[in-house]
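Below: a set of structures, written as structure tokens.
You will see subunit A twice below: alongside subunit B first, and alongside subunit C after that.
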Partner chain A sequence: MSNKWAIALYVLPALLLVLGLIYIPIVMTGYYGLTEWNGIGAQKWIGFANYSTLLQDGIFWKSALHSLLLAVFSCVSLLLYLIVALILSGQIKGANVLRKIYLIPMLLSSVAIAQLWLKIFHPTNGVLNSVLVSLGIDNPPAWLADTSLVLYAIFIPILWQYAGFYILIYYAALKNIPSSLVEAARIDGASAWQIAFRIKLPLIMEVIKVTIVLAFVGSLKYFDLIYVMTDGGPNNSSEVIASYMYHQAFKSFDFGYGSAVGFFLLVVCLVATWLIRRATASKDSIQYS
Partner chain B sequence: MNKKAIAPILLATGLSLVAAGCGNSNSNGNASPSSSPADSPSASASSSASAAPSDKKVTINMMHLWPEGSSAQQNKIVNQIIKEYQNEHPNVTIKQEVLENEQYKSKMKVLSASNKLPDVGMTWAAGYLQPFVEGNLFAPLDDLLQGELKDKFVSGTTEAYAVDGKTYALPLEFNITPVYYNKKIFEKYNLQVPTTYAQFQDVVKTLAKNGVAPIALGNKDRWTGSLWYMYLADRIAGSQTLSDAINGKASFKDAGLVQAAKEVQTLVDENAFNKGFNGLSNDEGKSEFMNGKAAMYMMGTWELPNFTTNQDVPQDFRDSVGFFKFPTVDGGKGNIDSWVGGPGVGLFVAENSPVKEEAKSFVEYFVKRWGEQSVTDAGVIPATKVDTASVQLPQLYIDLLNEMNKATNITLFADVQMKASAAEIHLNQIQALFGKAVTPEQFAEEHDKAIKAGQ
Partner chain C sequence: MSVAQTAPRAAAAEPGKGAGRKIGYGLLYIALAAVAVLQILPLVWLLFFSLKNNQEVFDSPPLSLPTHWRWENYEKVWTQGNIGVYFFNSVWLTVVSTALTVLIASLVTFAVTRMKWKASKLVLGLFMVGLMIPVHSALIPLFSVFQNLHLIDRPPSLILTYVAFNMPITIMIMLGFYTSLPREVEEAAVIDGCSVHRIFFRIVFPMTASVISTTAIINMIYNWNEFIFVNTFINSDKLKTLTVGVQNFVGQYTTDWGAIGATLMVSILPILIAFFVLSNRIVEGLAAGSVKG
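Showing the complex of A and B:
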């Protein structure tokens, strides 16, 4: 492997793909963001005009707030997943089966999940409202049409979709802790709480940090269920940054502005990643032995 | 030694790939009106070739959006027409590329960015067509309108494809928008078909009181709600005021137009629409009507097969569907024979096609044959006039075709008329209006702003 040419040979295909499919388009998106372009005609250089529009665009900030809310909800729900993983990794019966059940939503495609939840949330024939009516609630809300509820209603399937993924990550990390450590603690008289909080959690802290970044950034750029289920509506009340970008570029055919929104989103994601990494950085990482 | 030789080659090919990628994207950016294809050598070559079109072998590439799976009948007619044409013109081969609607739209974008549109393809009217015309990608087809097709089109249909007095596509479909209603539900509650808006209001109130959703609406798609607003605007403020406002010649703050927006909200308050309409897609809204849960449904005549010939829909239901014209409003300026509607897809010929003349004569042939077959074979109403006396059709079709011939005015769907960015704001405002998130005055204000920005 000391042969430089050989290294180049192995690295090159992947490098070209990454360059061609990711980095070059990013640079081009950055450039388009500085133009006025309808996707067909000439591009007109307008400098930072798109960005100054962006800063004054009420709907953009509304969708940014929604994205942020989703990110916060995702991070908070990580706590729940962690608890589930802790319980599963303990010696409980049927842990294996439960783990697989939790993972099922992840195996479904987003569109299938969207269709499933559209049926659940249907205002008159939906499972949810049928149950509510049979419980004696006369006028249950129309979940996806109510501007004050739709965002939270749609968060549920989004969080549900990824629950299995995070539970699996935590579960694997917890299973990776050498049982000798847990046994030693138990012999020393540590309670279950102490084992969980003093032994297990510190040992998987690195994994937790990674999941926080994944959940936060993943939520900021989230698109699929929102696009299929509500398309950002009604009245932009479930619009997120990515769906707003899509609407600007592919519905209003304002590719310049859409690119600006996209590039802004990229910057926000990078900054968020950097901030989270910084905030959770610790000087000494804990080792198993 | 070998390894050393291979790597630079790979590197070089790799780099050239990247360079080629950049090159392409550059030409994307330069696909501006200035690089007009009209004066490119290929175009001039074709016009000289057109002098003797019959003996040269030509291939016409055609792109359309009726795949065998989802639009079987349309697909069959297209194939049939192509076969006939090829038989009559043995030197012409027509190659088809078939894509589904959304994919078709994306592919049009990509192809036009690199100036590689097919010789013949499909486009939508007005707002969709505009950028292609500005980019000099479509050829004017006015000479075809003076030939065999003269006076064959329903009036008002080709105009939707005209920019600055030149027609850039010939429409294949034409639709108007009646209000369909379920006769059985009307009978059950002893209701009459309304001819005035006051009667319509009574119908709505009676149905709502009895726990039946008066109107099926899926307003997640937004253009569905736009139809209701447009009719109210047409009936209260008049067709001219509405068209002027959409074209930016008048303000949406016109008292009649604001009144129309108010009426929309009144209907919402009366529970005229099915529950949760703003969160339901058109298909979900429609299913309320098809299930017999909602009594009325306003939709284009493209739905007619579902109410007449479609064997998948229960006969019982199909027999109970009738239609009425949107009622007139007392004191309003609108006429009951004024319709909201418009042509669907039309055929264009690419400006830089090397076989432009051949493509044009194919389009002429296609439009003519399509007009003769589409309504009887596929239930699609063509933009060319149909002689209702000579065709075998379900009564609902005959009635509506006769209405079309009687129509005093046809206002093109607002979102089709407007430029993409203004249309998007119009549609969002419609959803907000129905959701009572804006007042009628704000609604008017936003429209004026959007249309001004687009000019």
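Showing the complex of A and C:
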């Protein structure tokens, strides 16, 4: 099978879509970032002026810091998911049903999740503060309206949403470990901790690395949830890179500056992927079988 | 690890094993059940307040059952707003985009795994890197190009972007399946003088039914929940999907908790029903999709 026309027919639809709607647009974003443009009128070439503004833009750095914080939180929370998956992959009855229950929030739209958690965090009638008040706490925090708490508050639904997904991945990887290895260790007298940390974890290291990239880069791109819950507020205290780009372009109609932010986001995502890959690349991957 | 090193510890753990193990397992089950409760509880609370009126929401304990099940909340949001329209738009956009994505991805995966051509590695690389590109970095040019092509506020802008942005992950999942597919049948068909198209549509495509359903489910979930493209490209109410529709709708009802709850329930119910029917496939699909990156 090497008929050129046939190949073109099979490859071109996908290739044209991805080139036309992903690759060409990101190149255009790079170009727009070098112009001054309100989205309608003429583009004016201004070189790297947007980027030098970016460097001195306090709100931009604030949003970049928030994105980084979310990314770090997400990576740390992987540890929690890993522990649950380790327990679940032991001889637990009903593990299959449990992991499905864990997964349910992951299937819902970020908008629905955001709306639901807006109600949960509601200062007076939300379930969270109702519970806190009934526990005797008189002045429960205002959560999303509190500039020093809002970012942490937003992270709770994120934790809730993705738990099932990462537990599922870890569980699948742990179940893939040949039981003969675990059995052999048990016969040798290894404790449950030793089996978990010396045998199981090293064997699923590759999967752990992939999830670190997913969690880190995924959090750099968070948008929907934050856009609906706080729209970056109050007072930019939950602004992230993606929401800042959206505000610049589609609220302030500064498409040039917004593009510079968008291009920065792209570069950060690609560099982060590459760096984490490099940092976690094992020189000698362990072969057990 | 050597036997000599660990044997004493194993021996020491031996005596109280029965009871200790039971308590240990009991604690683990409690921990796992607690996680399950935390995952479900917000949704139970949502269901309850969707069936209450404001007075009940504010005055009764948060997790109490509704005293009177107010299904009229659902009736109200379904008849008063555009929820029906949003629902219909979500359904048809999801179905059309998913069908196109799966078909186009099948074609290219077949070409990459079964045909010999020079640029196949390069093309595959483009799809793989595409997985890492954030939607937001392409959003502004997409908006301005669609505007110039008069596609803003028209469904093709959504279908095109849904298909393109889900293409990499769909190809990724299919690739694993195609490479594990036996080639004997195709080779026999080639010898019999079968054309490429016949081989693909009559032999290979039907054989990939299971990966098609896996990728279709993943695509449906992504498309059903998509927000930023609809929010950016669509202005008129009659074209909005549930995600954006719900967002606007909830805005109108800021003080009516029952109506908000009912709206959210309507928007997540199809996904929940699909999950109860297809949970094994969904689990499989998400696990397969995770290997991206």
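Keep this in mind: the second predicted complex is superposed on the first by the 278 of 289 C-alpha atoms of A that agree within 3 Å, B and C clash if a C-alpha of one lies under 4 Å from a C-alpha of the other, contacts with A are read in each partner's own complex, and residues count from 1 in each chain.
Here, a residue touches a chain if its C-beta (ideal position, glycine included) is under 8 Å from a C-beta of that chain, and two chains touch if they have at least 3 such contacts.
Just so we're clear, the structure is a prediction, and the values are computed from it rather than from any experiment.
After superposition on subunit A, the partners subunit B and subunit C are seen to clash. The larger set of touched subunit A residues comes from C, when the choice is between subunit B and subunit C. Legend: residue contacts after superposition of the two complexes on their common chain; A:Q56 is shown touching neither subunit B nor subunit C. When the shared chain is aligned, subunit B comes close enough to touch A:G41, but subunit C does not.
Touch criterion met: A:D188 reaches subunit C, while subunit B stays clear of it. Of the two partner chains placed by the overlay, subunit B and subunit C both lie in contact with A:A6. When the shared chain is aligned, no partner comes close enough to touch A:S179: not subunit B, not subunit C.
Applying the stated contact rule after C-alpha superposition, one finds that A:G20 touches each of subunit B and subunit C. Of the two partner chains placed around the shared chain by superposition, subunit B is the only one that A:L144 touches, whereas subunit C remains out of contact. Of the two partner chains placed by the overlay, subunit B and subunit C both lie in contact with A:M28. None of the stretches 77-85, 95-103 or 239-247 of subunit B clash with subunit C in the superposition except 95-103. 3, 6, 9, 19-20, 24, 28, 39 are the residues of subunit A that lie in the contact sets of both subunit B and subunit C, per the superposition on chain A.
Partner subunit B is touched in their complex by these residues of subunit A: 3, 5-6, 8-9, 12, 16, 19-20, 24, 28, 38-43, 118, 121-124, 142-147, 150, 230-231, 233-236, 247, 251-254.
Contact residues of subunit A toward subunit C in the complex are 1-4, 6-7, 9-11, 13-15, 17-26, 28-29, 32, 39, 84, 87-88, 90, 92, 98-112, 115-117, 119-120, 125, 127, 130-131, 134, 160, 163-165, 168-169, 172, 185, 188-191, 194, 198, 210-211, 213-214, 217, 220-221, 223-224, 227-228, 242, 245-246, 249-250, 255, 258-259, 262-263, 265-266, 269-270, 273. Contact residues of subunit B toward subunit A in the complex are 3-4, 6-7, 10-11, 14, 17-18, 21-22, 25, 29-34, 109, 112-113, 131-132, 134-135, 137, 219-220, 222, 274-280, 284, 288, 293, 420-421, 424, 428, 431-432, 435, 437. In the complex of the two chains, the subunit C residues touching subunit A come out as 1, 3, 6-7, 9-10, 13, 28-29, 31-33, 35-36, 38-40, 42-43, 45-46, 49, 57-58, 61-63, 104-105, 107-108, 110-112, 114-117, 123, 126-127, 130, 132-145, 160-161, 163-165, 167-168, 171, 190, 196-197, 199-200, 221, 224-225, 227-228, 232, 242-244, 246-247, 250, 257, 260-261, 264, 267-268, 271-272, 275, 279, 282-283, 286-287, 290-293.
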